[in-house]
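The same chain A turns up in both complexes below, where it pairs with chain B and then with chain C.
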Partner chain A sequence: MAVDMRLPAILKQISLSGSKGAAASLVVPGDVITTDTGFMRGHGTYLDEEKLTASVAGEVERVNKLICVRPLKTRYNGEVGDVVVGRIAEVQQKRWKVETSSRLDSVLLLSSVNLPGGELRRRSAEDELSMRDYLQEGDLISAEVQAVFSDGALSLHTRSLKYGKLGQGVLVQVSPSLVKRQKTHFHNLPCGASIILGNNGYIWLHPTPMQQDEEAGGYYTSTEPVALSDREVISRLRNCILALAAHKVMLFDTSVLYCYESSLSHQIKDILKPEVTEEVVLQTRHRLADQEG
Partner chain B sequence: MAGLELLSDQGYRLDGRKSTELRKIQARMGVFDQADGSAYLEQGRTIALAVVYGPHDVRGSRAKIQHDRAVINCQYSMATFSTAERKRRPHGDRKSTEMSLHLKETFEAAILTHLYPRSQIDIYVKILQSDGGNYSACVNAATLAVIDAGIPMRDYVCACTVGFVDDTPLADMNHAEESGGGTNLALALLPRGGQIALLQMDARLHQDHLDTLMEAAMTACKGVSKVLDEVVRQHLQETVILTGE
Partner chain C sequence: MATVQISEAEKLYVVHGVRDDLRVDGRGCEDYRHTEIETDVVSNTDGSAKVTLGHTNVLVGIKAEIGKPKPMLPDEGYLEFFVDCSANATPEFEGRGGEGLGIELSNTLYKVFSNKQSVDLKSLCISPGEHCWVLYVDVLLLQCDGNLFDAISVAIKAALFNTKIPKVRIAEEEDGGKEIELSDDPYDCVRVNVENVPCIVTLCKIGHRHVVDATLQEKACSVASLLISVTHKGLVTCVRKLGGGSLDPESIFEMTETGKRVGKALHAPLMELLQKEESLGSKRQKVGFLG
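Let's look at the complex of A and B:
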């Protein structure tokens, strides 16, 4: 077997020139943002002897009187309406605990899922007992954030046919701050695969389903073998997303697609080699910049 | 002492530093993708690697859950190859348990734990190469990792050790100086406010000297904080440029 070996490379220095404007609003923990008491204390700040002080490293955001500091990297902070991909961690009484890379495990109540047999079905005691038949530990689901509790935990729902249990596909985990908020997070990419860009940084790649849905209520998962060509497209997409994430490019349908197209001249496994990654990401950046203006 | 002259008549130490001079500190943030935050730090020839996971749900026993704040879980370990003599170091020996406890107390003082009720923050630190001042290297590395994870802190925590030889405080001691068996004071400081997160002293010291020693330790910690500050700001700017905002 041929083994690919490489020598350690020197870390690339990123030129910091021409960015003085951005540097002004960057703060580190302990930096005093303002001594003016007229402002309101937002996330990422605290009051230290009447002085508004940053508690995380990041950018200062000001909305009228409210000052927040947004850290560059955090765990996922859920907002109502977000699309998330999560993994069932626990089955409890009338609820599932879902791991969504949030600060606390999210809950999916039995009353906020669509059970097979239509919308208006009553939930009986049998349903409670057979919860594990619908979703069991380790299953992946896509869902929407229904509410945020006071302690920061999320309540999810899957009351739409586009949400539910995920079948065959590939999960990629990236930092939640890299997923761009968009009108829709479900895309059927023209390259022949579908993508769910979870706001929590979990990205699900799967072959585009043939026919849109049946009566199973989203709990039926096909175990049909996936064609090799589909699997190749998915693997390529996965490597592209990892490449974009490594270079901290925002992820949304266009950037993923552009990256996919610029990677076509390389073998799938080569995309993860640092020099190829760099080239592919650079091309993507250029195309994105062209498109913007 | 074994005839080793820790401070020469000209005021130089074994490795050529002046008494108040720190060792060279180099650090990098975000070295692992998988963890929420990570950092690598070299302080002279002491090398530490820190990883932070969390805040996340409390794993394991439910009894640990605090309803008003986050639990901090620290684990300190040394690599088998970290010292001159290769040695297997099982988890949970007395020295590393004590060090883990110290780290935990240090970071409980700095992290705003009340913002994350019912959750847990894991801090794992490993010494890859040990040349004195392990505690301070761990604290400094873990500070960077916590900042990288975006966990709110009051301020940086900076730590430094100070020794006392010939009525002179020696900042940031290396292994040769530490093994002399003299006084060794480790201080973890929140530099801006000057609050002390942890203070530990081995061996005896006359009360009259304590003030000078503390003074020296605080200056050393503030020196460390300047270096860490530079590392964090550099990292911030690089990330902002890459994400293109």
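Let's look at the complex of A and C:
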């Protein structure tokens, strides 16, 4: 039995002294980006008395003559090739609707999933009827963005064995802006758990699978209880990710691992206490800065 | 009620975790999440408190008004509850979506708090049968992440502690009529005795065990929960079963025992915190809603 009650304190943003920020390209709503009329007005900007002004807080992006502001706090804007983690919201004819924290639900077509029994199988009417046996409402999947429609909705595919239905584990939701784009978003961390860093800010933590079971085509989920030692690692990672996200540290394998290592001196449930969070995140930042040189 | 959708495999993970006494966020079965309490956050109320329990966030404001006592209880004041489910908490509450939950919550709160055992209602009486103080307790749900009852009860206790009711005097007029005179000094006020005000502990049955302070995700894995209101002495004042599932008598007994133990332990740190905040007085830096 533990109750931790306290007065609220104002969250201090920890900043490393001497860290160089790219403050020049950051704007807040109302900031004048340029007074030059030769530029085109893109997303997140508007013209205010001939001056190009930001309408959202974020980073200025310039492509030739087009100026956009990419907001920092936003829903997920998908790009082709992104790895996402999503939850099945609806089963429809020939497709699933997937919730991926973007503005519109994404679609996963029956023709863009790997069904058990090989890649080159024809999709029959029976497959269409048994869609709910593969993926039902509430199930989590990992997938890749195949295409972006004109309205911004995403079309996903799971045509690789690394994608598919997710089994036992923990989902952590953070802002999509905090996930760093990398070559690979699937990691088997040396601390004993695996992580999928979805570009949409959904992060999946699960025990590292013993052997890759390829026969079931990714639709088989183990109902074996997860070992307590694995659970401890996963819970610790979950709290570390939330701690990093609270202090707006970019999430990628190294930062998560460093944070995990700095947190080892504390109990798992204590990581989310403000003073412990601060200490752990500060240590992580120092190590990341040291590594960068 | 605000709910989340989770997959069968995730449910299994949560249930097994509860069995091993290690929940998804690293807590044990009887641990509360990190709680932050601030009182006196709304200036136009007589008492207010804001409680953050993990991601659950509730605001309670108490207004004291002069009303007529109920005919059955002429020498007692009373409390009125209203729960507003803001659509900020979850889009489900938009329009009239939160009405059902609001009524359910306020009825339960009325049962738990508006009785002689919890609050000294006699002290709210001004002149028997004619005037009494009515405490309007308004609860606003700002964020929902499970365990609303516990958070609301802590917030109500904190707000009642913070409530300052102006002192009044009954003056006899020459023609025999009575008039209520309000004290000229705004600091001349009485406080509500919160010693016996209970806190609610909600226990969720997950698998074969039960947990306190369940998150929405954990709530989705449980079919039945038991709500117990406990005073600082460990006295159970109200028990309610929530949810569609069934509980066997043995587990109800176990849950009540846990609830009593946990509820009793909840009061001491809360009162300590409230007293500490009070002693800081105006020196305390207010955080409010932007911290």
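Some notes on this structure:
Rule of thumb we're sticking to: the second predicted complex is superposed on the first by the 256 of 293 C-alpha atoms of A that agree within 3 Å, B and C clash if a C-alpha of one lies under 4 Å from a C-alpha of the other, contacts with A are read in each partner's own complex, and residues count from 1 in each chain.
Following the convention adopted for this analysis, contacts are C-beta pairs under 8 Å (C-beta built on N, C-alpha and C of every residue); 3 or more make two chains touch, one makes a residue touch a chain.
On a predicted model such as this, the values are computed, not experimentally measured, just so you know.
In the superposed model, A:269 lies in contact with chain C only, and not with chain B. In the superposed model, A:248 makes contact with chain B only, not with chain C.
In the superposition on chain A, A:71 contacts chain B only, with no contact to chain C.
When the two complexes are overlaid on their common chain A, residue A:168 makes contact with chain C while staying clear of chain B. Judged by the touch definition given at the top, the superposed model places A:138 against chain C, while chain B stays out of reach. Contact with chain B, but none with chain C, is seen for A:26 once the two complexes are overlaid on the shared chain. Once chain A of one complex is fitted onto chain A of the other, the partner contacts of A:225 are limited to chain C, with no touch recorded for chain B.
Of the residues of chain A, those at positions 11, 89 touch chain B in one of the two structures and chain C in the other. Only residues 28, 30, 33, 36-37, 54-57, 112, 116-119, 147-156, 190-193, 229, 232-245 of chain B touch chain A when the two sit together in their complex. On the chain A side of its complex with chain C, the touching residues are 1-11, 87, 89, 137-140, 166-171, 221, 223, 225-226, 228, 231-232, 235-236, 238-239, 267-269, 271-274. Contacts from chain A toward chain B in the complex involve residues 11, 14, 16, 19, 22-23, 26, 28-30, 44, 46, 48, 53, 55-59, 71-75, 89, 103-105, 151-152, 178, 245-250, 285. On the side of chain C, the complex with chain A involves touching residues 5-10, 12-13, 16-17, 19-20, 22-28, 30-38, 50, 52, 261-262, 265-266, 269-270, 273, 276-277, 284-285, 287, 291.
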